[in-house]
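Next up: some structures, all given as structure tokens.
Next come two complexes built around chain A: one with chain B, the other with chain C.
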Partner chain A sequence: MAKNRTEVADIDRSLYDFSYGEEGFERLDAGLTPDIVTEISQRKNEPRWMLDLRLKSLEIYHRMPNPTWGPGIEGLDMDNIVTYVKPNTEQKNDWDSVPDDIKDTFERLGIPEAERSYLAGVGAQYDSELVYHNMQDTAAKMGIVYSGIEEALHEPKWEAIIREKFMTLIPPTDHKFAALHGAVWSGGSFVYVPKGVKLDFPLQSYFRLNAKGAGQFEHTLIVVEDDADLHFIEGCSAPKYNVANLHAGAVELFVGKRAHLRYSTIENWSKNMYNLNTKRARCEEEGEIEWISGSFGSHVGYLYPMSVLAGRKSRSNFTGITFAGTGQNLDTGCKVVLGAPDTTATVETKSISKGGGISTFRSSIVATPAAEGAAASVSCQSLMLDDISRSDTIPAMDIRAKNVDIGHEATIGRIGDDKIFYLMSRGISEEEARTMIVNGFANPVSKELPLEYAVEMNNLIKLEMEGAIG
Partner chain B sequence: MSTNPLLSINNLTASVDEKTILHGIDLNVAPGETHVLMGPNGAGKSTMGHVIMGDPVYTVNEGSITFDGADITELTPDKRSRAGLFLSFQAPVEIPGVPLSSFLRAQIAGRPGLEMRGKEFRRRVKELAAELSMDTAYLNRELGVGFSGGEKKKVEMLQLLLLQPKLAVLDETDSGLDVDALGVVSRGMDAYRKATDGSLIIITHNTRILEHLEVDRVHVMVDGRIVREDDASLIPWIDANGFDSFEREAAAAAAGETR
Partner chain C sequence: MKMPGMTIKHASAMPAPTWSWLKMNNVKIEIPDGLERNCQVEIDAGDALDNAASFEGSVASLQERMDAARAEAPADGRAMIDAATGADRGAEKLDVPALSAYEHRAVRSEIACDIASDFETGVGTDIRAYLNFLAGGTAVLAAEEDEDAEAAIRVTTRAGEASGASVDIVAAPRSTFSVTLSLDSSADAPSFMGSTMRVFADRGARVDITVYLTASDAVTCVEDSGFVLAEDARVTVRHVVLGGAFTATGLSADLRGDRSRIDVDTSYLASGAQQRDFNYVIRHRGRKTVSNMDANGVLTGISKKCLRGTIDLVHGAKGAEGNERETVLLASRGVDNKTIPNILCDEDDVAGNHGATIGHVRPEQLFYAACRGLSQEQTEALFLSAKLEDAALRAPDEAVRANVVRLGNQIIPHFEEEIA
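Up next is the complex of A and B:
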């Protein structure tokens, strides 16, 4: 594989700093009104402060422009989304309206029949209640709260915590889709791990995504108190199909002193989806956040999990993979704020582009003046499977502290013909050979995933690689 | 020479980037025979191995390759492998992230008589590794990554023994190896012969690897042509005299052609 150091281009604005342009907003915003937002809140029987937050967010949403620095989002069907979040609108979803390729993929990934219609967003909640409750019971015995965030909002004890933290890491002013999220968010998970409690199996949100709109605007809020440990898994490899084609979820993670949180995601949204998701973590002293992130689906994706290392010696490790196929423009990466002395961060990403797909790696490392002795290393490897695909690397670094050690390495390569010939000479077909090489390339990510997810990810790559030749 | 060869190469001309490397090669290998292909650097020996295996880098401009009764000139390398051909690479590649054991499993998948269940497969591979004095820890390592030259060659021999092809081309399998590793390669070739009675084409500069082998035919290649063919007695002669005389003759012949 050719290893070329790519040009490190500066970008002149932070990842979340959207530039302004005015045209088109009136039309896009038609339909989403304070009345609708109030109605959403009332139906959920929310506390007043939440309604206020929604209304304030709505106002900000109307004021803010679309981002202009990333992949185009002209195809975003806002009218449909408005319909979706509107209470009392009949959703005319049925199995017949689910595209064939999605049905086919369910089949081939081996998704059980009962789950398929649920995943396709057309079925009632599938029969996962038992699994979910077992998980919840075990966690509860350890003092861990794992519940729907809407339910938690009705428990005074948790409401206080949610109120204190909700949309503080991701304020509605952050960008237009954060504001939209604040206004119409629905469903999602709330996890609270008390001091010193270590859970030795992962919690999976897969079993939680059943509230209306939860697939679109879900809010995940996780608090891991001092000395506690949690692994949380979001999503699954099955393609999720939704009539509304925008996903603007928010994930806010609070990691206490000496606490550890691993947050794993595999996303495989259907290929009409605009995935404008925002994820942030804040770590206190010696706290550690680990992000494992696999992005496969979506038509357009903007996804940059961000770690704010607020406490001395806190750490962030990001491992991610992005696979952009035909018709996909995936802009992914990671952002780290080294905000305290001796904080450390590693970013290791892999991107694969194929069939004209565009994959852009965007990272931002900011070392504040407080970050003396901090260190960060960023590594990005890209694999292009043909001549029509594209892969870009845009790393940004803003260093304002002394004695900081920051490194960046990027390589872009292709699959060498010599490798293909070697594998084929041992009786392996060309398609299989390419898939094997791509799976190997993705291995540093898949080996971080629990086995069942790793197997699913390999299957997913296999599916994506089909017909890659000729 | 057998009238019923396993491999029959007829008037084979092959090129890369419009540069002709092989000029009208004829070569026949009967079942169970061991052939040696020798010659100076750049004579086209490795190209020959690669063309036999179907490396798409090379274009066959003329001639044909028949293997086990079928014309394989147009077959892709995977199909040639499944027909019973094997090429041991001079420089095996590295595939990061792919464990050697997974690679081995993929090779035997769907091969009649070779496909094994997991347990059986692991036992078999461990046996072969032991036979080749190979640490079984390598089986879990990424293919070729961080392997020494000797280890890479051992892995090639392991595959030879696992796949048991009808004919194996060993491209400079002995090059760059220390005495111990050479011994392992020799043992591997012996084991292959014993297990399969398969045919061998050994491409080498070094006659040392041939010491314990029964060689049926020796072919000397210079400038993409086979300039001399003989029995094993040619080996000690080359040992003593090198390729100089062949190269001079070839140069003279070429000069004669252009005159």
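Up next is the complex of A and C:
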């Protein structure tokens, strides 16, 4: 008799899978040349140092090799990727002024509603440019700055901070796609939270890539000063096309002494997307970074938020879930550098693979000689929902400090018959038992998300308790 | 004739690499310059020394059985097969995942199902070729069907010399084979020694291998092995690595037969500026196969260690279970410990578990020792001593025990008296 098997239904992408035309939009030529890079910089009227950084990054990009350890990116031909698409509008700060089709896009994604109900500020990027940015007065009165990064770049006060910090956590030499980002970045947010300021409501940026065959390269730079507190949410989506799209954003987070930053992301790109994103945080003494990360979409994903714990007793917590379905190869995880005494890190990840999808958890925990008394624990669990998928776990630990305490554990498997039997012996039906187990598997991540995001995630993971595979 | 120095790059490579900046994907082995080839290998195997048996022949016989079973298997329509056999069409064919290089290799190996082609040793082909050159030939040790056999292999080297052994072990169905391999040298100038071993454990055979590495601080040492296990075969391996300036230990096992099992127990010690490198690759291809890897070590001084452990649960290995655990005690400031315990899983009806604990002597242990008048340094030295004592007590014969004691006396004053 064939056994019933848990199946997770494919994600219903109808909510995200719609697009509008590009009438009135400006597209640069596809490919990567110094002329294209220079034109992007000139359109933004950037300071000279930024153009120099872009051109240097382009040189680095051309001389660096593709990664050989991760999912194949042969299907990504940079000669066919348009690196800059400007929508037919300038940045607005009220929804009514945003062009109808763009406004309709974000309304269908629930962004204005979220802004009204629980956010302290919203930024919305469409293709290569921000089209909407707004922050509540209460947050502004607290001295918080939340603006487009290009806008901030034209303010002398913020330009100095941006120049000091821009691409220092993620230098263009870090990897090939960091260099690409340095060359063609466009859009993104700048957040500055002054010393001692604690914002009770989150800020959110939403990135929508509408243009076929294009890339999105937004840069997010957040500075949370000493004793301050911020929750920042990032969402992303795109319609599905039959050609490759590329997302190579960068997120640089600076967390001051005793400050706290929670950075929540749901990456829900379409299945033609190559998501080669880079995120990194640096924490000073007793500072804390919390990463909440959900990776659902993309054809190929490389995503490993990194915490550099530079200050004594600084902390990093990473909670992530990855769902790899049909045609997807998602290589996700995190990196932590324990770089000071008594630093601590926890990593808890879950991955689900089904329908021939491939999920890889990849991590590194590096304890430098300065990290005396540091502690880290890594836990990764992978659930295989059928026998045509794949799930790999590649966790690295490099420990060079004394008096450290590093623990790692990982499990891979399917839902155990013993668990089903246990629950059924207590009067629960097999279907309910399977549902309970899979919900319980994802719950540690979803409970960390804001309610609206948890609902979205639960919608993404919709269980279907039928089938008789194997 | 003195041989020029040599660097073997990308040795002990793990199947699925990670970020190269971690410098953990493989290791570089430096063979010192100016060594003279001088094979110093003793094999005490009695009737087991048998050149009529053949590793290749045994593999071919297993291949025939596998091919017959495969002929009845249904066609495999997985998207990963498409991805590995056709050109990567990227986003133009979104139901096909974009495989990584190692995923390509894994799927192609699965399609070919060729035991001989899949055969690998833990340190790799380049070092195996070098060791075969040093050995000048391969000794074949065989256990007859339903018989018991024993063998002791002793490899040594002298200052300025390079010595190597090459051994095939063939355990016929339901036989039992117990092998001890000792790699020992007290050379006081740069030298090299090593062994490369192929092991075939046929249906229901049991093979126990104990390896002791007790070389002095001037010796570069490599211990390389590859295993093929047929149905119901069982292998246990005990690696005890206590000495050597640089050591590379590599083991690769192909659990091809259903219900085959391997248990690998590793105990290591590194002191001073010594470097230890381990690469374990266990590939579960048969159904209900089991592997357990357990490593336990102490690092002191400014020593370095890297352990790569890969459990590969290949598609079709239904009911397989792989477990991996490492416990490391970092007993000094300045040590560098690298651990990468991988699980590769292309089958859902399996269980893969791994864990690692890396730490120092715990405060309650230090307190307990302090109450008995021991300083932190003395307490940490106790762990070192315990590791050596355990190795001496569990040594397979007097000669190996004497090697451990000699090494212990160099590390801990009056070690011999302590364990007397």
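Everything that follows uses one rule, which is that the second predicted complex is superposed on the first by the 334 of 470 C-alpha atoms of A that agree within 3 Å, B and C clash if a C-alpha of one lies under 4 Å from a C-alpha of the other, contacts with A are read in each partner's own complex, and residues count from 1 in each chain.
FYI, contacts are C-beta pairs under 8 Å (C-beta built on N, C-alpha and C of every residue); 3 or more make two chains touch, one makes a residue touch a chain.
Not measured: the values here are computed from a predicted model.
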**OP:** Could you look at A:Met436 and tell me whether it touches chain B, chain C, both or neither (first, second, both, neither)?
**Re:** first
**OP:** Examine A:Lys419 and indicate which partner it touches, taking first as chain B and second as chain C; both and neither are also allowed.
**Re:** first
Original post:
Does the superposition put A:Ala183 against chain B (first), chain C (second), both, or neither?
Top reply: neither
Original post:
Should A:Thr326 be classified as contacting the first partner (chain B), the second (chain C), both, or neither?
Top reply: second
Original post:
More residues of chain A are touched by which partner: chain B or chain C?
Top reply: C
**OP:** May I ask you to decide whether A:His299 touches chain B, chain C, both, or neither, giving the answer as first, second, both or neither?
**Re:** second
Subject >> Intersection of chain A interface sets (partners chain B, chain C) >> reply: none
Subject >> chain A residues within the chain C interface of the complex >> reply: 68-77, 240-245, 271-272, 274, 299-300, 326-329, 331, 356-358, 362, 364, 366, 369, 372, 382, 384-414, 470
Subject >> Residue numbers on chain B that touch chain A, as the complex places them >> reply: 50, 53-57, 76-78, 80-82, 86-87, 89, 92-93, 95-98, 102-103, 106-107, 111, 142-143, 159, 163
**OP:** Could you pull out which chain C residues touch chain A in their complex?
**Re:** 16-20, 22, 24-25, 78-80, 88-104, 313, 315, 318, 328, 330, 332-360
Original post:
Can you list the residues on chain A that touch chain B in the complex?
Top reply: 416-419, 421-430, 432-433, 436-437, 439-444
